[in-house]
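To keep things simple, chains are lettered A, B, C and D as they appear, and every chain counts its residues starting from 1.
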Amino acid sequence: MNRKKNALWHLPLMIIGIIALLPVVFMISNSFKTLQESYQSILSLIPNKPTTINYTTLNHQVNLARLAWNTFFMATLVTLGKLFTGLLAAYAFRYYQFKHKNLIYLLFVATIFVPFTIVMIPNYLVIAKLNLLNSVIGVALPQLCDATGIMIFLKTMEKIPGSLFDSLKIDDIPNRRIFFNIVLPILKPSIISVGAMFFINSWNEYVWPTLILKDKSSFTLPLALQNYISSEGGTNFPLAMALSSIMIVVPLIIYLIFQRYILNSISNSGLK
Amino acid sequence: MSDNNATIELKEITKDFKNTKVIDQLNLKVAAGEFLVLLGPSGCGKSTTLRMIAGLESVSNGEVLIDGDDLKKKANDGHTIAMVFQDYALYPNMTVYQNLEYALKVHKVAKDERQKRLESILETLNLSDYRDRLPSELSGGQKQRVALGRGMAKKSKIFLLDEPLSNIDVQLREKARDEIQSLHDRNKQTIVYVTHDQLEAMALGDRIAVMNDGIIQMVDTPENIYKNPTNLFVAKFIGTPQINVLPVWYQDGYLTMDETKLVKLDRINSIDPKDYLLGVRPEHIKVSKNSESEFSVPTKVTKIVDYGRYIQLTLDLNGQHVIKAVTKDIDCKIDDTVFIRIDERTSIIFDKDSQKNIYWDRV
Amino acid sequence: MNRKKNALWHLPLMIIGIIALLPVVFMISNSFKTLQESYQSILSLIPNKPTTINYTTLNHQVNLARLAWNTFFMATLVTLGKLFTGLLAAYAFRYYQFKHKNLIYLLFVATIFVPFTIVMIPNYLVIAKLNLLNSVIGVALPQLCDATGIMIFLKTMEKIPGSLFDSLKIDDIPNRRIFFNIVLPILKPSIISVGAMFFINSWNEYVWPTLILKDKSSFTLPLALQNYISSEGGTNFPLAMALSSIMIVVPLIIYLIFQRYILNSISNSGLK
Amino acid sequence: MSDNNATIELKEITKDFKNTKVIDQLNLKVAAGEFLVLLGPSGCGKSTTLRMIAGLESVSNGEVLIDGDDLKKKANDGHTIAMVFQDYALYPNMTVYQNLEYALKVHKVAKDERQKRLESILETLNLSDYRDRLPSELSGGQKQRVALGRGMAKKSKIFLLDEPLSNIDVQLREKARDEIQSLHDRNKQTIVYVTHDQLEAMALGDRIAVMNDGIIQMVDTPENIYKNPTNLFVAKFIGTPQINVLPVWYQDGYLTMDETKLVKLDRINSIDPKDYLLGVRPEHIKVSKNSESEFSVPTKVTKIVDYGRYIQLTLDLNGQHVIKAVTKDIDCKIDDTVFIRIDERTSIIFDKDSQKNIYWDRV
């Protein structure tokens, strides 16, 4: 096999590399341009005169610390809730026999493919009825049924050899102990990676929180960003890019810390 | 029945799995303190039988009695039975010591007692240096010893082992076998041991139950199973190289093959004149360079393998039969002609249709 | 272990079951209510007088066949494009050595966590510059770099034992043949399941197509639905639910046809 | 050098992996048409050596010569070398026939020729009935035969086999071994065969290269390796039960242990008076019920295993040494006292420090 053929195989990599990474570079670049330069040459990758003016302006206009805290609090709550229900549900699917188990599982997984657009309104109405509008609980509740988490945990549990449970059964170890002393510790890497994924996704979420959170004081970062963008075309484009750049920092840090776990676990499950 | 061990009795056990009988009306008694080996090829139902004794697999029909009590009616108490699995089933998140301790801790064995028991087990199994290691940091042989130790820690009356040596290096197996043997000598638990390795079975078992197709073919001491197998399956399954099987015809006191008289039967002469199968183990084929009696048959040497302790010959008889012979010393070359002789005492005669040993029930 | 304890473990399953499935039942139910009944008792699960009026009305107001065809065409194009780039990229990652391979892979996976809100504007500007607004190619192009597909394919390729490639190397089989004769056939189950996933996700997509497709004649189903919902609160709620119910049919069929592949490949589920 | 086979020569091969030498200055010549077995424990570098011959693994230093040509300078042509892998490496999406045909098809062997070759191979390996099955529909033994057939189809000069029998049932191994042997007898390719199983090595190899820690310990015929091993490692690795090793002291023509005279050395008398290790294979320990000479030593029987063909005794000497003996017939019980004798002819004497066989270079 010669070098020419080799290069040919790199082509798709280069194309998707550009498609994947260009927007992020573009975003960071524009956040350091003046409003004027951004208008003139929005697609140039390197600012002529890099400036931090957008960041300082942003700091005056919104309470960044408050936004970050709100986002963090919401993401943490949603993550813990989803991990809790996901782990219990997966354990029930794995180790209990009940009627129509396969059908129920099939329906669970089906919910992954029901678009959010469709469940949005029913969910909104239920949350309103429950008087949970404008509350973080209201944001978290409909997300507790994340089938992705269940699937990943279930798959990891299935990798635990059956003989381990046979052994526990012969030793007459109660279920509660099996769950906490054996299953949870074994699942630790999965829990970390799924937790990180949940957290990042929740951190980035904006459609659903926009519907539920009306009060400015409980706004999260994506909601604030939405405000900058939604004014049709963006009155101040570099400002929006600056806020985007700030917003992306926390997921980036989490991703880098847990990358080893995330790379393993996502590709195992095969789902986002 | 004692403090150390218990009897096991399987009564007319049947196990159906998806409409096929995996185990068919199996009866088996294991005496208290006995070392019984379940031996058979993969898929013969030996592991299923063991799992039914352990209570891990339900019984479709029949009873499993432990010390006379039905297992179905009495839930497993976590004390009576210990089991070692083929893949060891160690808890990956616990150290060696924690693995051994876990069940005792859950069942509230006092800390002093726990420590005493475990220290002595770690000592016995040469694991003291590895007590704080995780299973992933151990070699196959070490894992196997930890699994053994975890079973021992329970001081159960019954110890079940499911192919415990199949995942460790050949070189280490002999040593591990000796270890299991001496554990049994010391603790005198009732042991049921599953394996597909006939040498392992011969070395360990007080008695061996040879299984095939969900049916126990023979239960007896290793010696009897080797020397006087009930049927062709058992004869072929035990012994390597395999027993030679020759199609013969009985008439007038002689077994003949292709018109050649092979063996004169003195012990038995009341069998019907018809086709039989003659089984002779390779070491019972007497090989000589010259014809020594009227029953000597000429064969051609096609292969010679020197294993050091013995020499294995592959012989060709009339271009129609392949005979393997094991001898200590013979000076021959490939393509030489040598003579073989078969003795009545070492002949096993099988009925051609039923494949049963016709001598067997007469002994 | 007694039955009481058993029931305790079923609780989380029941809770998330309700959370997951209720909205869909609710949607279908309301699509068979009259506008009046929907206003009066929007949360009741069984319509008093079931009616198909919403479906007939819908059929008059929009060209359902045209919408469905547009959606199907776009989803097919996006799916094929993503499968193509994903397979080639995964193969390159698996079997070629190049500089900074791990770093590049890490960046690829990172793009999964960059929220769409953030890359939306840069992507829009690029598509506009390329004169691809209002075209299906414009919708498809930025999606070609789906890292999820690459990860799943890479993982499946990693499961192919190395000795298979050693054997092919000893037999001096050229790369092109290895890819088409060996790797693709082995990956077939993954390709089917990932393809089904891509298709369903693309079928449901609305934010990005809304930005690119302005011409009514090229609208897809989710865009039409968006039109019914966006008039703040929904002037005709049962009508929107009827369109939702229609829209959900195709993903449901695909999921049911390929469920074996999807469940296997995504979660390797072995509940039996 | 011929049409059928090729010579292989490894010259001062070194292989580094992450700064550790996996293979250290290895030299090995395989004659054209020879059946050479690489034998050693797992991790000894035998598979790496095979993969370097195959060109799958690069060589850090040294040369691999095939028929005198350097492998590095001449790309693999896809014809010279065939290889069978431990996990068979069958293409899962192709039928048995397609698996055998694929490489030939890619390399544009004419259809008639392909068909002729494959039919005969399928016939030879008893695979004709399975030609349209997928690998997933085959048993382990059948897969192994398909892998073998795929290698044969290429009619290569060199055939490399990497533990080809380790994944099939014990019962089938003897048959598979015979098959490989007869293939070699028929085609006379140069074969390099990797295994960790000493019995397999003894049965198959024209010569055996015993490896440990990336170094070839000994290359010789099976017989010589068994009877006259170069060092203690080889002696212990070959033979089961393992060779007995006793610490002895040489003085005045005698090997003594714990003040007891064990062996009188007549053949050699020019060795230094110091500590040695005496190796005696279990079948060379002469066991008798009564003391038969001044060199008879009393021991206590601690274990008797009857393997049918032979009986294995575990003997205790003074409560300090464990000796294993293999005998044909002896009438004794556990705890009996029996006498053992060791013959000079069957004694192997190792230097205590270097662990080398002191006889070896004198023969």
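We adopt the following convention: a residue touches a chain if its C-beta (ideal position, glycine included) is under 8 Å from a C-beta of that chain, and two chains touch if they have at least 3 such contacts.
This structure is a prediction, so every number in the text was calculated from the model and none was measured.
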Minimum number of chain-to-chain contact steps, chain A to chain D: 2
Length of the line joining the C-alpha centres of chain A and chain C, rounded to whole Å: 16
Inter-centroid spacing, chain D versus chain C (mean Cα positions, whole Å): 56
Interchain centroid distance [CA atoms averaged], chain B/chain D, Å: 26
Shared-contact residues (touching 2 or more other chains) in chain A: 174
Multi-partner residues of chain D (each touching 2 or more other chains): none
Category of the chain touch graph - line, ring, star, complete, other: ring
Chain pairs that touch, as defined at the top of this document: A-B, A-C, B-D, C-D
Residue numbers on chain B that touch chain D, as the complex places them: 41-42, 169-171, 174, 178, 181, 196-197, 199, 202-203, 222-223, 226-227, 237-242, 281-283, 303, 305-309, 312, 314, 326
Touch list for chain B against partner chain A, complex: 51, 54-56, 76-78, 81-83, 85-89, 91-93, 102-103, 106-107, 154
For the chain C and chain A complex, residues of the former touching the latter: 1, 5-6, 9-13, 15-17, 19-24, 26-27, 30, 42-43, 84-85, 88-89, 91-93, 96, 98, 104-115, 117-123, 125-126, 129, 141-142, 144-145, 147-148, 150-152, 154-155, 174-176, 193-194, 197, 200-201, 204, 206, 222, 225-226, 229, 234, 237, 240-241, 244, 247-248, 251-252, 255, 259, 262-263, 265-272
Chain A residues within the chain B interface of the complex: 161, 163-164, 166-167, 169-174, 177, 181-182, 185-186, 188
